[in-house]
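In this document, chain identifiers A, B, C, D and E correspond to the written order of the chains, with residue numbering beginning at 1 in each.
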Amino acid sequence: MSDRETSLEAIIDFSHPGFRLCLNIQVPTAGVTALIGPSGCGKSTLLRLLAGLETPAAGHIRHGDQVWFDRARRIDLAPRHRRVGLLFQDYALFPHLNVARNIAYGLPRGVDRDTAIALWLSRLQLDGLAARRPDALSGGQRQRVALARALASEPAVLLLDEPFSAVDFSLRQALRLLFQEVVADRPVPTILVTHDLEDVRQVADRVGVLIDGELRQSGPTAEVFAQPCDAEVARVLGWHNLLPVSSWDSRTACGAWGSLPLALDEPTISADVIAIPPDGPRLDPERGLPIEVVRVTDMGGYHAVWCRLSDRSPLRVHLPRSAPCPTPGLRTRLDVPVETIIPLPARSAALPFALPLTTATLARRDP
Amino acid sequence: MSDRETSLEAIIDFSHPGFRLCLNIQVPTAGVTALIGPSGCGKSTLLRLLAGLETPAAGHIRHGDQVWFDRARRIDLAPRHRRVGLLFQDYALFPHLNVARNIAYGLPRGVDRDTAIALWLSRLQLDGLAARRPDALSGGQRQRVALARALASEPAVLLLDEPFSAVDFSLRQALRLLFQEVVADRPVPTILVTHDLEDVRQVADRVGVLIDGELRQSGPTAEVFAQPCDAEVARVLGWHNLLPVSSWDSRTACGAWGSLPLALDEPTISADVIAIPPDGPRLDPERGLPIEVVRVTDMGGYHAVWCRLSDRSPLRVHLPRSAPCPTPGLRTRLDVPVETIIPLPARSAALPFALPLTTATLARRDP
Amino acid sequence: MSLLDCAPTALLLSLQVAGVVLVLFLVAGIALGYALSQPFPLRGLLDALVSLPLVFPPIAIGFFLLMLCGRHGAIGGPLHEWLGWDLVFSFPALVLAAFIAGLPLVVKPIQSAIEGQARELIEVSCTLGKGRWETLFLVVIPVIRRHIAAGLTLGVGRSFGEVGITLMLGGNILGSTETLSLAIYNRVLDGNFDCATRLSVLLGVLSLSLFMLLRRLGRL
Amino acid sequence: MSLLDCAPTALLLSLQVAGVVLVLFLVAGIALGYALSQPFPLRGLLDALVSLPLVFPPIAIGFFLLMLCGRHGAIGGPLHEWLGWDLVFSFPALVLAAFIAGLPLVVKPIQSAIEGQARELIEVSCTLGKGRWETLFLVVIPVIRRHIAAGLTLGVGRSFGEVGITLMLGGNILGSTETLSLAIYNRVLDGNFDCATRLSVLLGVLSLSLFMLLRRLGRL
Amino acid sequence: EPLLIAAGAGYKKPLMAIYDAFTQSSGTRVEAVFGNMQQVLAQTRDSGRVDLVVGEQAFLAKSGLFDRDIVLGTGRLVLAYGARRLSGYQALTDPQVERIALPDPKKAIYGQAATQFLERSGLMPSVKDKLMTLATVPQVSAYLVAGTVDAGFINITDALGLADKLAGFDEIPTDLYDPPVIVLAFPKDRPESEAARAFAAFLGSAEARTILIRYGL
C-alpha cells in the first residue's frame, strides 16, 4: 500500500452548544502528527469524531480508500470497524478486569495473548502489576495500562490523548522512545495530543495547532516551532515574553510596558504582538526597558531570571552562567537587541476548511 | 501564630498489599513544598493519608498544635474537620453540579458565594463555563474547576495532586503565577505533587523526592536539583544521560557503553552511575565515546542532539547554535571533559523514619 | 356506567396511600440504602431483613401482621389498651401494608448505586468540610437520583398493586379501606369483569403518569 | 410433624420454578435492560410495558392471563386446538406467573446502571473492535454485576412470594402446582398456622441463602 | 356509627342487596367485609371491630368466637358448565368431560357439599380421576368462565351472578347433600349494639326474605 492509500483525511464540521469544531486535516502514515492547542480547543473532540464516537454535522472522513464517514452519502462506519486505537484522556480502563486482561482486551485474533501481555507489561514498565485491578493502581500506572491497551490492539490508526501526562520525567523519556519504536515498526496514521512541548519536539514529525476549533497552523515540527503564524500559536508553542503592542510603525513598537525598536522590512508584517526570545536580552543598568528581578533559578546550563516590566507584566530572560547573576528585588534595565525581536500578528486566519461534497447538504440543513 | 505552630508534620507507616509507604515529613507554612517521584511511588497515597481518607497503620499526623491522627492515642480526626484542600488526581468533580456550584461547594460560611465564584472563574480562565456540567468540559477545564474548588474552600492545608497536568503550556505558566500569588496571600502548608520539573523549579521552595514509598531526599529546591543524593533521585530530577557503571576506580569508569575518565578525590564517593550533563560534551571525531547521531532538534537557544552509544543506550547532548550541527546517521565521537562527569551511587538510604510514640504499638501488632 | 359506580372512593384512597408511602420510601429508602452501603456490625442481618418481606406470600405476611398488631397481639394489644389506638382496619394500616411490600424494591437499587458510584464523591465532599448529612443531601442523593427514581418506581408500583397485606390489615372494607387494587381484586372475584377492566385501565393510566414523573425527576 | 406433612412437594416445585426463572431473568432482564438503556423508537412504550405488571393486583393479572390463555382465550384457544397444549395448570404456567411478577424488578436496576456507569466503557470496547454482543458479555455485564445481583435478588424474591398470578394460572392444585408460597397461603387460609409458620421459616432460610449467593456473585 | 359486618365471599351479592335495603329503612350505614372464612375469623378476632359475621353455622361454632346466631337460610349447590352445557349431573361420567372442579372440601362448605353429593349419588368412583380440587368457590367460577374446566361445583348465588358467562348450570337435589346452614352470628368480645339487633330483626322482614329467595338462599 502506498502512503497515500492509508493516510487519514478528514473534513469535519461539528458543534457542541457554544463550541464549534471546523477543520480539514490530513494525517499521513509515516511519522507522528502532534496536535496541540489550548485547553478546550477541541483536541479530544476531534479524536472522538475520528474514532466514530461522535457524528460530524457535515464532512467526511477517509482512511486510505475506505470511507469512514460521509455525511452526503450517509456513510457512517461503526467505531469497531474503524480499528482505531484511542487512548482516552481519562483512561477509561475496564474496572472489572485486571491489568493483563485490560491490555489483552483488544488483541487481534491470532495473536498469542500471553506473549503479547508479557511484552506490553515489560515495555511499559508495568511488570508485577498484571494481576491488579485498575482501582489499585496509581495515576501513572493507569495511564500506561490504557496506553498499552490502545497500542496492543494493533490499530489501523492511533489516536492518543495525552498519553504521557501522568508519568514522571524519566519514565516519560523512556515512553517517548518506546513510542517512536512502536510507530516506526508499524507505521499507521498517528495523532498525538499533548500539552508537553518536549513530546512534540522529540516525537512528532508534523504538528497541527488547533485554536478555538480551527486549525490555525500545521507543518513540519521544526518549521512550525520556528515560525508561528501568529501570537496565539506562538503562545501554544511555548514562546515566552509575548508583549502586546498598542501602536507600532516600521521602526518602533509601544505598549503599556514601554517601547522597543523594530526593524520591519516589509510593511505587510504586522506587529500586534512582539516576542522577545529569553536568550536575546542582556541586563544593562544604562539602557533598555526598566525591570524588577523577581526570582532567579539555576537551570543547569543557564540562569532563568523572572522579571517584571513597568506594567508588572512578567518577562523571562535566560542568562549564561558566565554572566553575573542578579538578585531578586534588583531594579535594573534590559537591553533587547533589535534583531532578536520578532513581530507577530495577534491572530491570523484559520487554515482553509474545504467541504466540496457536502456544502449542498449543509445548505439544506440550515435554511 | 508562629510558623512552627501551623506546620504539618507526619510520621506515617501504611501498606497496600505489595506496597509500603513509610516516611517522616514536615511541611512548613511558608512557601510551597513539591513532592516528586516515579509513577507509583506513593504520592497520591500520601496525600490521601494526610487528608484522612486512608488510615495509617502506625504513626501520627499533627497540624500545628492540633493532632489529626495518633495511632497510639487512638485519635483520628474525620476528614471534614481537617480542612484539607485536596485536588484529586482524577478531579472527582460532582457530576450533578455545574461549574459554579462545584466551585462553591466547599466555600466557608460567611463568604459571598457569587463574588467568590466570579473571582475563581476569572482567575482560572473559566469565564463563560459557569453553567456547564462537568461532562461538557474538556480535560483541562475539568482540572481547573477541581483546582478552583480546592483553593476556594480556604483550606488549612493544601494538597494538590498534579494540578496543572492537563493544561497547555501558556495556561500552565499563568496558573503557576496564580498559584504562587494565592499561596503568598494565605500561607498554609502546601504540598504540590507534580511530574513537571518546571513546576518544581518555578513554584516550589522545597522539594521532597519519594521513591518506593520512602523519602529519599528533601531540601531547598535549588540544593536538591544541584546535588541529588543518588542516581534514582537524579533520574526523577530529570537528569539526562545516567550511565550505569559496571566497574570503577578513582580514575576510570567502565560500562557496556565504553569507558570514561573519572577524577574522584575521596574514596567514599561511589560511582555506580555516572551522569553526563548534556551541555558538557563536544563532538570530536578524534577522541571520546563512539556515538551515532539519531536526531537533532532545534530548541531555540541550542540544538539538542540525540545519539546512541555503542551499546545502543541513548544519550542527549546540547550543542550551542554556534557549533556545527551534525546530521542524523552521522557516526562520530563524543569528547566528555572529565570535570563535567558526575559520579553517583545507584541508591542511597532513605531519610530516617522516626516512630517515637508508636513503636510499641507496631511491635504489638506484628508478633 | 361510570367508574365511580365501580369503586367510588378507591381512586382517591389509593392516591392518598401512594402519596404517603412515596414520602416514606424517600426517607426510609435513602436512609437504609445509605446505611447499608457502609460497613457496620450486623449489616448483613439488616440487609436480609429489609429484603425478606419480598419472598413471603403477601397474604401470609398480612396474617402475621394482623396477629401482631391486632387487639390480642404483642404490639397491637398494648397500643389498644394504653392509647386506645387501633391500627387494624385504619388508613395507617393501608400505609403500613404498602410500605412493607415496596420497601425492599426501593432500598436495593439505592444501596447498590451508592456502593458503586458515590464513593469517591463522598470522600471529596468530606475533604471540603461537609458532614454526613450535608453530603447525603448535596451529593449522594443528586448523584444517584436516577437509581432513586428507579427504586421509587418499583416500590410505589408494587404498593399500588399489593393486595394480600392490604386486605388483611386494612380489612378490604368496601368503600372505606378498599384501595384501587383491592377494588380490582374484588370485582374480579365477583365476576364483574367489566368493572375490573375499567378499574385496571384507570390504574394503568395512573401508574404510567407516575412513572413518567419519576423518570423525569431521575433525569433532571 | 415434619415439613413434608405440611407440603410434601412444594419445596421442590418452588426451587424448580426459581431455577427456571432465574435463568429467564438473567437473559430477559439483561437483554431488556441493555435495550432500554439505548435510544430506539417506542422505547418509552416498552419501558412502561415492562413495569406495568407491577402495579396491578397479581390476582387480577392472573385472571386476565387466564382469560387469555384459557381454552376460550385468544392465545390459549388456538394453542389448545392445534397443538393440544394447555398452558393453564401446568409447570410452564407457574414459570410464566413468576416471570411476569419479577421481571420489572430485574430490568429497572439493570437499565439505570447501564445508563449511568457503562457508557464510556462501551465506547472503549467499540474502539477496540468489539461488537454489541461481545461488549455486552465482556464489559457491560461484569461492570454492572452488582446491580444485576440486586435485580435478581428482587426478582427471584418476588417470584418466590408471588401468589396471585400463580394461583390463577397454576391452579393451586395441592401436590401438583402448589408452590411453597401457595402452600403457606393455603395453610394460612386453612387456619393451620403451625404448618404456615414452619413453611415460612423454610422459605425464609431458602431465600436468605439465595440472597447470600447472589450478593457473593455481585461482589466477585 | 356504622355497622361492620363480615361475611364469606360467596354471599356477597344477596348481602349487599340486604345492606342497601337496611340502610334505606333504618338510616344505619353498613360497612361490608367479604373474604375467605379464615380471613374473616382472624379479622373478627384481632380487629375487635366486627359487629356481625355471616357464615356457615358449624364452621362459625367451631371457632368459639360467637355467643349466639340467627339462621338466615340454607345455601344450595349447583353444577355449572364451562365449555358446553351437559344434560345433567349424570353426564359427568361422560368421557368427553375431562376436568371437574370443586372447592377444597377441607375449607369450603360447598366443597364439603360437593363431596357429599358425589358420594351419595354414587358418582365418586367414576369421576374421581377427573376431580380437580381448588381453593375457593370464586376460583372454580373463574375456571368455568375461562373454559379451562368442563364442569364445576359452585353455589347458586355465584351461578346466578355469572349466568350469562357460563354455559349453564343445574341445581343439585337437596337430598343428595346436607345444605349448609347460613347464620348471622354475634361475636363474643364485641358488645351487641342497637344497630346490630336492628339488623338481625330486619333479616326477619319480608323485604329481606324476598332478597334472600331471589338469590337462591
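Keep in mind that, in the parts below, a contact is a pair of C-beta atoms (placed from the backbone, for glycine too) under 8 Å apart; a residue touches a chain by one contact, two chains touch by 3 or more.
Note that the structure is a prediction, hence the values are computed from the model and not measured.
> Count the smallest number of chain-to-chain hops linking subunit C with subunit E, moving only between touching chains.
Shortest path length, in steps: 1.
> What chains touch subunit C and also subunit D?
E
> Please identify the chain with the largest separation between its CA centroid and the CA centroid of subunit A.
Ranked by distance of C-alpha centres from subunit A, the top chain is E.
> Hey, which chain ends up farthest from subunit B, C-alpha centres compared?
Farthest from subunit B by mean C-alpha position: E.
> If you average the Cα atoms of subunit D and of subunit E to get two centres, how far apart are those centres in Å?
35
> How big is the gap, in whole Å, between where the Cα atoms of subunit A centre and where those of subunit E centre?
Whole-Å distance between the two chain centres: 87.
> Could you grab the centroid distance between subunit A and subunit C? Build each centroid from C-alpha atoms only and quote it in angstrom.
The mean C-alpha positions of subunit A and subunit C differ by 56 Å.
> Show the residues in subunit B shared as contacts by 2 or more other chains, in ascending order.
Correct list: 90.
> Can you list the subunit E residues in contact with two or more other chains?
39, 142, 145
> Please set out, as single numbers or ranges, the residues of subunit C touching at least two other chains.
59, 63, 188-189
> Can you name every chain pair that touches?
A-B, A-D, B-C, C-D, C-E, D-E
> Which subunit E residues qualify as touching subunit D in the complex?
36, 38-39, 41, 83, 104, 106-107, 132-135, 139, 142-143, 145-148
> Enumerate the contact residues on subunit C facing subunit B in the complex.
120-121, 123-131, 138-139, 142-143, 145
> Quick one: in the complex, what on subunit D touches subunit E?
Contact set of subunit D toward subunit E: 63, 66-67, 70-73, 86, 88-89, 167-168, 171-174, 186, 188-191.
> So in the complex, which bits of subunit B are touching subunit A?
Residues 16-18, 36-45, 89-90, 128, 136-141, 144, 161-162, 165-172, 177, 195, 197, 201-202, 222, 225-226, 235-238, 240, 277-279, 295, 297-302, 304, 306, 314, 318 of subunit B touch subunit A in their complex.
> In the complex, go through subunit C and note every residue touching subunit D.
Result: residues 47-48, 51-60, 63-64, 104-105, 108-109, 111-113, 115-117, 146-147, 149-151, 153-154, 157-158, 160-164, 181-182, 184-185, 188-189, 193, 196, 200, 203-204, 207-208, 211, 218 of subunit C touch subunit D.
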